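Labels run A, B and C following the written order; every chain starts at residue 1.
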Amino acid sequence: MKVFQLLDKFIMKLEEFILSFSIILISIMIVGNVIAREIFNSGAFYFAYEVSKFAIVIATFIGISYAARKGRHISMSAFYDFAPFKVRKIMMIIINFVTAIVMFVMAYFTFNFVMFEYETGAITTSLEVPRYFMSVIIPIGFISAGIQFLRNTFINFTKKAKDKVYLGIDAVDYNDEEKKDIKMEDISI
Amino acid sequence: GGGEEEGTDEGNSGEDSGSEGGEEASGEFEEQSWQFVTEELKGEVQYEYAAEFAKRINEKSGGAITVEPLEYGALGSEVDQAQLLQQGGVQLAVMSPGFTGGQVPDGQIFSLHYFFPSDQEKVQEVLTNSEALNTDLRAKYEEHSISPLAFWTEGAMAWTSNVGIESPSDWEGLNMRVQESPLMRETYDAYGATVQSLSWSELYTALDRETVDAQENPLFFIESASFHEVQDSITISHHNNYVAMTTVNTEWYNGLDDNVKQLVDETVAEMQDWVFDEQKAQNEAGLEAIKADEENPTEIIELTDEQIAEFKKAAEPVHEYYKNEVEGIDPAIYDKLKEEIAAVEGE
Amino acid sequence: MLTTLLSIMIVLLLLNFPMMIPLIIAPVIIMLIYNPNLSMDLLMKQLLTGIESPVLLCVPLFIFAADIMTSGKTSQRLLDFIGAFVGHIRGGYAVTTAAACTLFGAISGSTQATVVAIGRPMREKLLKIGYRDSSAIALIINSSDVALLVPPSIGMIIYALAAGSGVSVGDLFIAGIIPGIMVFLAFAIYSVIYAKVKNIPLAEKVSWPDRFKFFRKALLPLGFPVIIVGGIYMGYFTPVEASGISVLYAIILEVLVYKTIPWKKLPSIALSTGLVTSAVFILVAGGQLFTWVLGYARIPQQITEAVLGSDPSAMYVLLIVSIFFFVGCMFVDPIVVILILTPIFVPAAETAGVDLIHLGIIVTFQAALGSATPPFGVDIFTASAVFKKPYLEVIRSTPPFIVILLVIGALLILFPQLSLALI
């Protein structure tokens, strides 16, 4: 069990590093390119856009599972927020489970796509590296997201979720944190 | 290759009407409908090519075969279109050799400067008859399920700038907008310029504000994109050509009945002259329109033979670089094509 | 079939499924049912196509710059400066809020960041002087939306990307200036009237030496919009590169000059930016799947013909566009709505003779309006989360603002010059 926790922590730290580093890398690339061009009249940052492209793809797909863990995926929660505790709990279980399945299906489809890109042997225009270097991150992202959404599902069955709804394993439903007390007739101009 | 990712998603609304009964001659041909995707919009060379091809095939097959020409954007980006063709999602496509997503590095041979003849008729002659292209390069594409049935020019590339480029030294310190690659870096480095990738939607403004200093395109394109409004000069430089390929999905093509295959081949062959005249007319009209635009005066610089010789001298070492250094290319195709070009130029 | 699918998407959306799920499921099902012979690889490729456009790089960078400034003192300096000059007039704090949101919007390009950076400190001040919480929040939400209209604007950059065909982001930025100022002025006038009617007490007047002090302190942040717009105009950088420059400027200000943020805190700020970026970009990728499938099935043409007829007038196109974007953004993230709907309407708009810059302003404006409109506008949920206030409390006082914005929206349609005069 200890090993499992350590592994979990390691993966989370790794995801955090990748997300943070990607953003910093993009900043350096774009600013570096402007400075090289405008001040030194140089094309030294010729790889700026291609490296940034890699970074944004990696951040996007690695971020799916991190955002799932933190309960930060964009959703339309208006009705959910009004639902009573039990309904919200059931909804979260179903949502996370179905989402996990969709993630695994996408992992399968995108894995095939990576194999396709691998077989074409296509290379990128600027750095001339194989293009599948970039796409390979997509199924990896979907698989880890699928696992994460499964964990989000199961945590809602555990003892510590007795009086809480978990949006993600690191995110307790904000609706349980503050009692709200407002009625329809309060709406006025 | 210097294709452009222009265009809107303006699709083509007509559903194919290939199912109605064939006319008198249709006995020979089975009813079928094909899709023919292009990288340009209605009115531009590639789309008009597809439309004319569609018309001829339809007539010759007695109405049995319907070809639907598609504008750029209907099915995604150029790279998407290439992939769609590879997978048989469409049967035919006009594509630029450079937009196969790096699968055929040899496609870069068309972007070499001062490698092809300056005279467009001779360019078209090489493209039409070259064995290096129509057999050897075709085989390279066929490894990826793309069969180029013909190569043709959409016109010579011209440089636009505010400095009036007349000799290699005029490039010193300029920022050239071109699809960034090691070969393009080397090419413009030979003139003392740097290259900068820039998305199509930002190009007009970037030229206007001098974020980049120069770009290249055929004349008809410069006019339709209004680049002359924000550039002081156009250099008719003959440095290379906007080459397009008529391509088909290889497995689909190989599976065609012999008479259909023959129909396609013969139509593609006879289109070579048609498209040459079409691009010539469009490029001349473009140039006339630019000259006639008094609100935005633009200096037209036609390089003399001596000036071209000077550029050629600067560009030739890059040919060697291409042959020896560029990742994944076949030097044998280069050598053979060079000989073929020399033969045409020596005529 | 298509209606069934659309209904399923809407139900999933309303059930609080992550927005990426309907955007992924629908195109995959359409492919499996309608084009089973076509390889799924083509569709999967769109996940990359959707997010690899260099134009989109501005999204994480503008958010990063805004996150840095939100963690630092930039917004406070802007607030002190504006407050020193207008805080004492009737409704002064409310006017200050609107002005500060406009200015911060002119720096950050991000609505959400503006809610946090300006909204948090101003809400406390507004409450202290006697505003109802719901009024304060409504003012903050709607003023923050001006961030989409005044340059730089993520919404405009996304629109330019989706419209294709060389729509200039620089021109869009400049076109947004007058509409942005109109919205600010309308909110300021409303604030003054509201304060008079509700008899909100006056704040103390600030002395001229103090005003000068606050002005000096705000000088560097105020230089920000000048550098961004000026730099684009002078050609030092493209609008996308401007987002990188704003990161640089934010770091110079907060880390080097004010020293409010230590270097080693930047990675954790970047992490929060990365998290938001991922959540948004997976929607952009999913949106591209959806757009591509629609395009392959030629559905956009059918939609435009069905709702616009064969030969619509420019006004009619703009009206329909307004309705679609307004309603769309009430439900779905504006970035996704702009990416999906823009390519559908641009061809029809061009045929009807609508200037694509004008169209861009209408689209951006309606996206801002829709995302602040109940029942589901995303800004409402942002505010609900940021201020830890229940949904109903957040929306209670929004109607007057929505009415004001609807009127301005109509003016923008009727008078294209409001958008095009400065270009």
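Convention: a residue touches a chain if its C-beta (ideal position, glycine included) is under 8 Å from a C-beta of that chain, and two chains touch if they have at least 3 such contacts.
Labels paired with UniProt names: A = TRAP transporter small permease; C = TRAP transporter large permease.
All values reported here derive from a predicted model rather than from experimental measurement.
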item: Most centrally placed chain, judged by C-alpha centres; value: C
item: Chain pair bearing the highest count of C-beta contacts; value: A-C
item: Between subunit C and subunit B, distance of the C-alpha-averaged centres to the nearest whole Å; value: 39
item: Subunit A and subunit C: spacing of chain centres that average the CA atoms, whole Å; value: 22
item: Residues within subunit C bordering two or more other chains; value: 39, 41, 45, 54, 236-237, 240
item: Per-residue overlap in subunit B, given as positions that touch at least 2 other chains; value: 197
item: Subunit A, residues touching no fewer than two other chains; value: 49
item: Subunit B to subunit A touching residues, read off their complex; value: 86, 100-103, 105, 144, 173, 175, 179-182, 185, 194-197, 327-328
item: Contacting residues of subunit C [partner subunit B, same complex]; value: 37-39, 41-42, 45-46, 49, 53-55, 160-161, 163-171, 232-240, 292, 295-296, 298, 300-301, 305, 343-344, 346-347, 350
item: Residues of subunit B defined as touching subunit C within the complex; value: 6-11, 13, 15, 73-77, 79-80, 83-84, 87-89, 197-206, 208-211, 225
item: Sites on subunit C touched by subunit A in the complex; value: 13-21, 24-25, 28, 39-41, 43-45, 47-48, 51-52, 54, 56-57, 60-61, 64, 236-237, 240-241, 243-245, 247-248, 266-268, 270-271, 273-283, 285, 331-333, 375-376, 378, 381, 385, 388, 390-393, 395-397, 399-400
item: Interface residues, subunit A side, partner subunit C - complex; value: 16, 18-24, 26-27, 30-31, 33-34, 38, 49, 52-53, 56-57, 59-64, 66-68, 70, 72-82, 91, 95, 98-99, 102, 105-106, 109-110, 112-113, 116, 134-135, 138, 174, 177-178, 180, 182-184, 186-189
